[in-house]
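Some structures to go through are shown next.
In the two assemblies presented below, subunit A is common to both, partnered first by subunit B and then by subunit C.
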Partner chain A sequence: MKKLLAIMLASFVLLTACSSTGNNAANNGGTAAEGTKEITVWAWDKVFNIGAMERASEAYKAKNPDSDLKINIIENAQADIIQKMNAGLNAGTTKSLPTIVLIEDYRAQSFLQSYPDAFFELTDFINPGDFADYKIGPTSVDGKQYGVPFDSGAAGLYVRSDYLEEAGYKVADLQDIDWKKFIEIGKAVKAKTGKSLLTQDPNDLGLIRMMIQSAGSWYLKDDGTTPNLVGNEALKEAFESYKELMSADIVKVTSDWSQFVGAFNSGEVATVPTGNWITASIKAEASQAGKWAVVPFPKLGNNANSVHASNLGGSSWYVMNVDGKEAAAEFLKQTFGSDVELYQKLVTEIGAISTLKAAATGEAYKQADEFFGGQKVIEDFAKWTEQIPNVNYGMHTYALEDILVVEMQNYLGGKDIDKVLSDAQAQAETQVK
Partner chain B sequence: MRSFLDKLKFHGLFIKMFMVTLVSIVTVSLLTSIVMIQMSERLFMNTFSITNSKIISQIQTNFESFNYSVVTASNNVLQNGEIKGFLTKPDMDSLSSLQSYYLASQQMKKIHSNVAAYPVTMTISGVNKKTHSTDSSYWPSSTEMLRNSILTVNTLIYPKKLIYQLDTENVAGSSHDDPAIVASRALMERTSANQYGVLYFAIKESDFKRFYASFTSNGNDVVILDHSGVVVSSNRQDLIGNKELDLLGYAKDIEEQKQDYKDVNVLGNSSLVLSKYLPEYNFYLVNLINKQEVLSEMVDFKMVALISFAIVIVALFIVFIISRRLTKSLTMLAKQMSGITANAFDNYIEVSGSFEIKQLGHAYNYMLDELNDYIKKLIQTQKDQRNAELSALQMQINPHFLYNTLASIKILVQQGNKEKAAATINSLISLLQNTVSNISETITVSQELVNLKNYVYINHVRYGEQFVVNYFVADNCYGYHVPKLIIQPFIENAFFHAFQERKDGYIYVLISSEEDALVCEVVDNGVGMAGYDQQNPAHSSISSSHFFSGIGIRNVHDRIKLLYGEEYGVSIVSDIGEGTRVKIRLPLHKS
Partner chain C sequence: MFIILAVVMIAAFYFYPMIQALLLSFKSGKGMNLSYVGFDNYVRLFSDKTFLTAVKNTFIYLIIQVPIMIVLAMFISVLLNDSKLKFRGLFRTAIFLPAVTSLVAYSIIFKYLFATDGLVNKLLMNVHLITNPIQWITDPFWAKITIIIAITWRWTGYNMIFYLSALQNIDHSIYEAAKIDGASSTRQFFGITIPLLKPIILFTSITSTIGTLQLFDEVVNITKGGPGNASMSISQYIYNLSFKYTSDFGYAATVSYSIVIMIVILAIVQFKAAGDKNG
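Our next item is the complex of A and B:
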């Protein structure tokens, strides 16, 4: 009996010992493998950005059938991503952060410069020369490439050819114009059709941003931190053009996205000067098929540097300095960094125009779009993308814009332009330093 | 079969013990499990309902503070002149309308800070068809649609109230994925009751959920119902938008009857329903606890069953071994004890097994020892008693005999027959000497003959010499020892009973030795006795004696048997008119 008991006890101890060692082994294996087997992606906009990442993930799997890399895509609002990133990086931890994150170009520098060690350098994985020039400014610091440029925010002027014709213009008349000419046309359209030329939201100076970037200028100097408001000729001319537009009474004022979209979908405006990502919204109103065309963005007439190309918005992918960064970098290299086929899919399925120069050589980019009267819209945007002047968006784009929104109202209210800009400069210098 | 049953018989104790333990262990574990589960269920449900009513209060507080923010913001909007101007002034040129939009948006931004803690979109819509939304990417999808929606219609029906509604039609994108909860209020001049617009606060249902989502779990659901029974919000996505009139009925019952909770069957499950009316929202906050699911999470029935099964098996195994050991020694004991047959008290058992059993074995063996001792002692005592009895009897000379003898002597003396009187006295003295003085138990045959002769002489003196007594003794027999006065009673018998009808007769005393026995015979030619045709000593009731009191033939026979064994004793052959022949067999003893 005692013997039996002893054997039972002994076997029990042995069993527990075995099982505990088994567990440990499994755990060790698990954590070691996790680094390379799973990467997490944070992005916003389910249809556009998340959709693009899902397709990239499929493309990667197709290329690497043996890979068991798991790509875990998590949708967050952009504001939430910024908040979580700031919270995590301020605390000095990358624990809760993703492997790959999407950051808007206007905000990229503030992250890259504030937390230089938090991001994984991708210079060895992608070649900046393969991408549109203007995308390299926001995605790199001191010549080191950190981001993989994603969508183009190349701006164009969407125009209602029917309204223009009613006012006595042809689409051809709007090719390569400056803002003066644009206002002149606007006045004619308003007079003939009663339609406004464009919409504006007093709180959104996107139009100003597009105007100054077309001249290679920005709110901040090239160092990315010094406000560049007073004495900024491009900005001054942009402000003047903006006031001219308003004074000409050819602007329909909107104050939010639905009104903005509603205005052109309901045919209340003749043009929409904005980034190419609006194409989907414009095409949403199928009844207007054939009535639209896209012309190059107007330039600042008095600025020699200004070209017929600019940008609004756009974002890029970044790899955080966490476990699995090499796998993530390799993943981006094989997809957004080089895959022309993937970009053909993205442009046809979700309308994302690439900033990878090679992508424009693909078939999808040469398709004529019947909605735009057979115009090869994508090809045009791709062409303009390459011409967008490279500016350093710096760290404080949105902070300065908040100041400028107020000063713009003062300017429209009759304040002198130089005083407006110097006041804005003074405020900016106290705020951002 | 038979042998198997026999075997079983000896294991009866074990089987009974084991069966009783088996049944009781199984019953106890079963009952304990059931009672425990039921108790924990009841306790769990009680605590659940208590904690959940607290949770509901907590959720209510969340809702109230949200509502408070919304109310504050809406009052600010209502009192804001800029916004009123924005919503009432007609369209102007671009510049002034830009300014008016700008000012309105600045005011809205300021007021929005009241609800900034929540992901709420504020939208205003004016009689001049101007609208502004703090963030329209989510809501509303179209200002035109919003103006004509049922949402706005309902708002305008109760212009003074802030009302909450579920909205799916104005949500951008797929409305079924994430509908909105919209609080709306008509904007109205206090004094003139002139309505100039509508204010909307839209929050995604998924964000609205956060007020209570952290309190929910699998089987513990929260459902927000509006006054018509439509599910406005729930952690169960599938319920949103459904009309649950049953649930609304229960919620109303709870509210009216001030119950803590209701135990009902709802949505196909047996559930606890807790409810709270949120008057600011005109919503019912309902907490559904799916009893089955919640319990299955708490009590792992399978595990409990497995554990108790394992315990039962282990316990039975142990009980089996222990009781087996216990009863095995008992069984052995029983087997050995049952081997004891009648009068065989030397069947000692092997001592083994547990302490108690060993003690029992020792006691049993000791008892056997004692029993055997006792029996030996008893036999000895009985022997001794008989001897003592006999000797006591032997020593009692019948006083009548003495009296008669002395009377005879007196007569002889009166007749002057001196010689005869002296001889008689001599015989009496000798007789008395041998019976009273001589204390040894046995005497030689020659001494016995002397005694007999003395006795016969005395009797001849008294009754005359008609009865002749002759002695025939084998020469080799004089030296053998016989019990004292063993023959005398038979001579006495012959004297007094054999010759009652006759005046003369013969008595022969014959003593001889056979191979291993001394044979003494007393033969008379008297009347004889009926029934003595066989050698049957069992009947000799002839007891009265003139010389000795109380010694019968039967006693003589028994005494011999007791002293010398079964093969010795007295046998009588007699019949009416045939005389009597008494044969006494004794062992050959020399000293």
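Our next item is the complex of A and C:
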């Protein structure tokens, strides 16, 4: 009896092993020689990124009616994609990985440099010069282009014009201001309307990121690996502005995305300084139509390099070095890489603002938006997209930010700013080793 | 033949990965570009402020939460073991239920309960215990308290079950004899119940210690480790090193092994403290 059981178990193990190789062969083999007919795409955000990919897929089919390329779009949370990619690539197998993957710009270099052979070079398929400059840093390594730049994370300052008027300001007063002026307005808004000026999540330094990029500065030096915290004037001013904001008692503290969205949808805050992808969430509260406007991002007042344009988030498409890569690259070339018409559709239907320069010339970019009181919001964002300073995000954005989040708490608690930055620098140097 | 198969399977699925992870902990680098660095990673642990914060937080949870939970579990189990109590089954089920709920689901509910404008704050303000809402999740001190409340809620019932089953194994005649000798119920509790429960107390404290050292879901889902790493656990740091930052699996393996070492030391200490032949 025992023997029988053992044999059964052993054969079961063998069978599972056999069947898994069988499956893999079926998935990847066969059609490779004459060009794979099936590609898989991984992305997050059903409405935004997945929606964009679905429209791209339709556009490709319309252009190539004879093509039997099948595009499988699979939705995964961003954290899951990162985890699966890291696990798969470290295990040395690409079998479980997609053909096309969406990667956030802040993380792109960490993948491209950690797994140099895992991505397919797209230099022959797209022309980097066609895209906004600041998108090329994250998507290329040593002059070789790996990513197809996708959405713009161009930042703007969304403001509630009705609250501002109640506090004695007009939207025009917020055009091209610096953070000092912003805080001053915030205090007036709080005093007159009782509303907070904005929300902040103490775990998320997105605001700091936007502030320093507006001055062409980053947590790392241009080489993308050396920490650039101590002696970074832009970062120092950003920290000081942040503390001023927090101590002015005009910030509603939140701890996650839904509270963040809830705060402006319920009318608790007067402004939202963030990337343009928030438009859809702002417009989700239809009762506030006509009450919002978007003004240029405030700049750092004491920094000569700081401009009224910055970036938050944004991501790009990458092709993995697996079967079907040529078909995938060709697909991206014909869609996100060049299709101006497709981008008109994306901007009207899902609000995705392109970084393809030519797309901004299309009609859809010039439409007035009644939700924003007739302002041509898309055109404004497209204009700001061109002014965003190009910085090298390097490999360590989130590792350094975790250090800075702690030091920010210390700074808010009274620690000296120079000590804060030098301590952060010391920790950063051990972390990125 | 049958045993050989088991040995092979255990070796392949337990020992091989353990040894691989140990080897990995002597390597460092980004992603696939790993190279041997000797004991560098272990030296790095001691100068890594984030790691030290994570260890400190984890031990705060351990020192405060585990004793509270063990005492609470014991207390509840003694109450629920009283044969005169009505609806015993219902109470037992209710207190055990948290242990079988989904970790992520309950964490998310806790996050909403303890939000600044959440139910807990509203309740406390309505009964005038506090005037301003407590920043349960965004204040470094309260974030830790929130985590402690959450894990206590979830695991007390689980530990209670062990005590209940142990209590039912205690011969009732011992209590009757004590009663005849005139021992009060407090005296019975300290004189009979606790000494007889000793093996279970040891068992629950070791499993709870291991559980707390591996704490992950609650911290990630409720506070994300924040504000500013104030509630981060060691397991979350391992996750961050592997998947949130540029992957450094070598160093992450080193941190994992540091947990193994801590668990081994603590288990030995607890066995010794229990101080009898159970050790």
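One rule holds for everything that comes next: the second predicted complex is superposed on the first by the 398 of 433 C-alpha atoms of A that agree within 3 Å, B and C clash if a C-alpha of one lies under 4 Å from a C-alpha of the other, contacts with A are read in each partner's own complex, and residues count from 1 in each chain.
By our rule, a residue touches a chain if its C-beta (ideal position, glycine included) is under 8 Å from a C-beta of that chain, and two chains touch if they have at least 3 such contacts.
Treat the numbers as computed from the prediction; the structure is a model and nothing was measured.
> Answer with clash or fit: subunit B and subunit C placed together on subunit A by superposition.
Taken together on subunit A, subunit C would clash with subunit B, as the superposition shows.
> Have a look at where A:A399 lands relative to subunit B and subunit C in the superposition and call it first, second, both or neither.
Touch partner of A:A399: subunit C, not subunit B.
> Which holds for A:Q409: it touches subunit B only (first), subunit C only (second), both, or neither?
both
> With the two structures laid over each other on chain A, which partner does A:S114 touch: subunit B (first), subunit C (second), both, or neither?
It touches subunit C, and subunit B stays clear.
> Of the partners subunit B and subunit C, which touch A:P202 in the superposed model: first, second, both, neither?
After superposition on chain A, A:P202 lies in contact with both partners, subunit B and subunit C.
> If you tally the residues of subunit A touched by each partner, is the higher count for subunit B or for subunit C?
C
> For A:Q83, select first, second, both or neither according to whether it touches subunit B, subunit C, the two together, or no partner.
A:Q83: touches subunit C, not subunit B.
> Taking the superposition on A as described, I'd like to know which of subunit B and subunit C A:Q427 touches: first, second, both or neither.
Only subunit C is touched by A:Q427; subunit B is not.
> So in the superposed three-chain picture, is A:Q259 touching just subunit B, just subunit C, both, or none of them (first/second/both/neither)?
Once the two structures are laid over each other on A, A:Q259 reaches both partners.
> Check subunit A for residues that touch subunit B in one structure and subunit C in the other, and list them.
201-203, 253-256, 259, 405, 409
> Give every residue of subunit A touching subunit C within the complex, in rising order.
For subunit A paired with subunit C, touching residues are 2-3, 5-6, 9-10, 79, 82-83, 86, 89-90, 92, 110-111, 113-115, 201-203, 253-256, 259, 395-396, 398-399, 402-403, 405-409, 427, 430-431, 433.
> Across the complex, what residues on subunit B touch subunit A?
Within the complex, subunit B contacts subunit A at residues 93-95, 97-102, 104-105, 131-137, 140-144, 172, 321.
> So in the complex, which bits of subunit A are touching subunit B?
By the definition above, subunit A touches subunit B via 1, 196, 200-203, 245-259, 262, 266, 405, 409, 412-413.
> Please give the residue numbers of subunit C that touch subunit A in the complex, ascending.
1-2, 5, 28, 30-33, 44, 47-50, 53, 111, 115-116, 135, 137-138, 140, 223-230, 240, 242-247, 249
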